[in-house]
Amino acid sequence: MPRFEGEVLEVREYGQGRLFRVAVDSLAAQPGQFAHLLCGEDSPRTLRRPFSIMDCSDGSLGLLVKVVGEGTAWLAGRRVGDRLDMLAPLGRGFNLELYERPLLVAGGTGLAPLHFLAKRLEAAKGHSPRLLWGLSCGEDFGAMPAWLERDIDLSIATCDGSAGMEGTVIDLLGSELARADYDGVFACGPEAMLDALGPLIRKHALPCQVSVEQRMACGIGVCFGCAVKKSGEEQSYLRVCLEGPVFDYSDLAWGGDGPGGA
Amino acid sequence: MPRFEGEVLEVREYGQGRLFRVAVDSLAAQPGQFAHLLCGEDSPRTLRRPFSIMDCSDGSLGLLVKVVGEGTAWLAGRRVGDRLDMLAPLGRGFNLELYERPLLVAGGTGLAPLHFLAKRLEAAKGHSPRLLWGLSCGEDFGAMPAWLERDIDLSIATCDGSAGMEGTVIDLLGSELARADYDGVFACGPEAMLDALGPLIRKHALPCQVSVEQRMACGIGVCFGCAVKKSGEEQSYLRVCLEGPVFDYSDLAWGGDGPGGA
Amino acid sequence: MDSRLAVELAGIRLRNPVMVCSGTFGSGSEYGDFLDLESLGALVTKSVTLNPRAGNPPPRIWETPSGMLNSIGLENKGVERFIQEDLAHLSALELPVIASVAGSSVEEYVEVAGRLSDSGRASALELNVSCPNVKRGGVEFGLESQAACELVTRVKERCGVPIFVKLSPLVPDMGAMARLLQEAGADGLSLINTVPGMAVDIEGKKPRLGAVTGGLSGPAIHPIAVRSVWTARQQVGIPIIGMGGITDWRSALELIVAGANAVAVGTANFTDPQATIKIIGGMESFVQARGLDRIGELVGSLRV
Amino acid sequence: MDSRLAVELAGIRLRNPVMVCSGTFGSGSEYGDFLDLESLGALVTKSVTLNPRAGNPPPRIWETPSGMLNSIGLENKGVERFIQEDLAHLSALELPVIASVAGSSVEEYVEVAGRLSDSGRASALELNVSCPNVKRGGVEFGLESQAACELVTRVKERCGVPIFVKLSPLVPDMGAMARLLQEAGADGLSLINTVPGMAVDIEGKKPRLGAVTGGLSGPAIHPIAVRSVWTARQQVGIPIIGMGGITDWRSALELIVAGANAVAVGTANFTDPQATIKIIGGMESFVQARGLDRIGELVGSLRV
């Protein structure tokens, strides 16, 4: 039964981000899957909001939420003891088996599914894979970078150079791929970042699994609202909530307005 | 400037009623006038809600709110320190000059404007006029009857006999008019109660000022939304927010669906 | 299930009057994770066309005050695969299934409807003559009564199952349209489809939807639906399926009191996958509390 | 006042494109307690008819999800008293006033419009051919293009001021209607009037409005308004006043980017009497932040 009301166990504020820990009963989620949250109490907003699952263990679920509009603003106001109505886990997650030496690339809140993935890969392989994380500014997520650096093998790029390397995560990826030998990339972040990934992974002939975003209604594949453009054929679409959110990079139509069309 | 944001100074819970004390700067309100409140924060409800002013003194305004729907439910959730957006004072209040020996008759939250009136009459005349208050049950407003009995000259009627006389406030009015000599009635309460007032005041040939309710949009006379039926002519209407909420009883078309038509 | 909720719709027996709207419930099985499908009154499937359709370019949805816009554009797998895959699966359930038909020409509608009727797997058909997201076709049948009536006549000639016609709230004279469709032989009406709408990204000076315009649904349009049902009910005796902005049993019963024999829940499924179940429960309590013998007593019971 | 906000509308100069809708601002002076009326772009007065009208039986309003229904029914004091009392007062202000005209026959429209034009106290007229609350008349002009065009021709012959035509969103083909009205000589369009709607008290089995049906306004209808303005703008060059569900500067600018030259705020005045002032402030900031020379650059700037 993928619907439940979970009690908020913990809320940590990291700059623009809020890390929620929500109680769940026996939920088995894979990295890349998401939770679809109802926002608002008395008269909730018509559409639920999708968020990548950042952690799933010990009877709780982790979510990293950045405030960008009314739904996330409402979420940011939730406190310990409040209850969240969610459908989870939804969607198709990352395939962990495909690469031997994966590199993880995240932009902004794209960190959430990749952190989850890093921990799972670490558990499976005994060591943490490298995760590159791009931010506008070191302050964006408060003390989270410092915490993560102790937790996983992390390299940071900030546009203003306030933390880690100065530049985009794509710049960081470029030097990383030149430096070390990887056989696959996992990526999640803003569409522009994912689009910019293309030339690099093609240059290095690397396979890539990417988690993309699209506005959603049902979240379970029935409404066809979350379409993204498929590569190859004109006018052919995939559903982010069902066939994704994780896709093979080459299955989507990059360039132009991007697969999401926005 | 009749619009302001007032801080909630005090909230007292009386059964189904909430008594709010809201900070206001130099507001001069008359008994019978009302405040028009915005309900809801981020995306407030389209229509404001009207509430009679129950008190206006010492830089604060008193309101008695009973929860009947979504707007009042939101209001009931306000706490000390929250701010309320209101237009006030609006409408035409009671004329205090017309009667020498007035009797005050209230049903439910109709108490609010009449309590205000009683205190003003007491200040002007040196003694409290008699106020009859009808309730479904003594518990409806918690400890309020006990408090009021110490404060003003109050008689209560409850339908279940759990406090004061058993019966309606109209029954109480009947015996009161038979017992003592009054020269005018002030009334406020549900439309059915006000309708039932008619035969009694006509029998005793008493003039009556009545405060009525109607759904409102603007609250200031521009939208013509708050029409009630005028007596005499077919199809002739008065605006509760501007020409009322206090009317001469005989100016309204009683019987049938009542002046409000609902 | 309380038998007082049972209703009959053009000869089809429904265990209760709560259905799901076309296009908002997939091919039926998906919501099976959230509720027992056989507790629904009936299910209306997503509109199908003769050939597969890819649908409109993304983005396809946008939230609006108390509602949403969609421009799915009838993405579907075509009638043949629909019959083989989806209807085959659904017809195994104890649940009346109404198949929704769309097209860009009278011929296409007749062909699709005919194949669905022949399949023996649909209890009835709903002609979606009002999809605002299909550029060619559709519109003329939907808003113009002569075209709509001709379509019904042609489909009726070809099909052996009851035919419901689903109308847009933009129909200029809903009462007249309803009457003419009844005369043309329609077995029932489905009211309403989404309302044409649009939203703009003022920073990017771009429409929010890839298809520019879309259809508005959700609570925002409920008053429009109630008025459409009531207006049609003044003119016709055939069954009406009321829909548009239903969120709870109260908004569902508003449509029934205004004249609908059954209701269909759309957008609310997205907000709450269990919305239909809660609505059925609320109706049960209402019928009980009111001491009604059957919910049908409420249909069109509005006193004006 | 930022001069970059100034716009011209059928020869009338507005200091900014933010007006108030007919019927939602009274005769103008009432809101003077809440704002400086002369900071508005223009004011549209409540629709007047030849003789006084009592309006519809109460109740006349009902709240709906993100909106409201009204069935005021054109209560007004008649054109003569309106000219003597209200217009006289308003014409003393530094503020263009557009007088709204309603009627139940072509003759009544022409007579009322003529008297208003002759008074010399209205900068322009708005023909309300789409009031859903008037049972007789109105509807035919509003939804049928031939009748609407004939009305415009007749009113234009009689009047010396610019004529705006206010349309219902139910117009079946908004683009064609706009084009034909432009050809008939309309100086501009006002889009949109309220959407016909209804609500039901299921306990009492009674309509919520005394007049049974009413007009839906407020944020709920904003997407419908944007679509109407955009559809009309594809077909005409004449000025469009956009309205319907505006609550803030963003929703106002959506209509402008979709094709409106000016906007009018209605229901939002009830929620927040200072809504117009806040919208004007928001537009100033936007124009400033974008480095625009004039707000007119945004009109119809949507890229599709």
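Per-chain residue numbering starts at 1, and chain names A, B, C and D are given in the order in which the chains are listed.
One rule holds in what follows: a contact is a pair of C-beta atoms (placed from the backbone, for glycine too) under 8 Å apart; a residue touches a chain by one contact, two chains touch by 3 or more.
All values derive from a computational prediction rather than experimental measurement.
J.: Would you kindly count the fewest steps from subunit A to subunit B, each step being a jump to a chain that touches the current one?
T.: So the least number of steps between the two chains is 1.
J.: Which chains contact both subunit B and subunit D?
T.: none
J.: In terms of CA centroid distance, which chain is the most far removed from subunit A?
T.: Comparing chain centres, B lies farthest from subunit A.
J.: What's the distance between the Cα centroids of subunit B and subunit C, rounded to whole Å?
T.: Once rounded, the distance between the two centres reads 46 Å.
J.: With centres defined as the mean C-alpha position, give me the subunit C-subunit D separation in Å.
T.: Distance between chain centres: 33 Å.
J.: Suppose each chain is reduced to the average of its Cα coordinates; what separation in Å results between subunit A and subunit C?
T.: So the centroids are 36 Å from each other.
J.: Indicate the residues of subunit C shared as contacts by at least two other chains.
T.: 64-67, 206, 218-219, in rising order.
J.: Listing for subunit A: what residues touch at least two other chains?
T.: 43
J.: How is the touch graph of the chains shaped: line, ring, star, complete or other?
T.: Graph shape, chains as nodes and touching pairs as edges: a ring.
J.: What are all the chain pairs that meet the touch criterion?
T.: Contact pairs between chains: A-B, A-C, B-D, C-D.
J.: Sort out for me which residues of subunit D touch subunit B in the complex.
T.: The contact residues of subunit D facing subunit B are 23-27, 30-31, 33-34, 54-55, 57-64, 66-68, 70, 72, 75, 210, 218-219, 267, 269-274.
J.: So in the complex, the part of subunit A that touches subunit C is made up of which residues?
T.: Answer in residue numbers: 1-3, 38, 43-48, 87, 214-229, 235-237, 259-262.
J.: Going by the contact rule at the top, pick out the subunit D residues touching subunit C in the complex.
T.: Those residues of subunit D that touch subunit C are 64-67, 69, 143-144, 169-173, 195-200, 202, 205-207, 212-213, 216, 218-224, 226-227, 230-231, 245, 250, 253-254, 257-258, 286, 298, 301-304.
J.: Using the touch definition from the top, list the residues of subunit A that touch subunit B in their complex.
T.: It comes out as residues 42-43, 70, 73-74.
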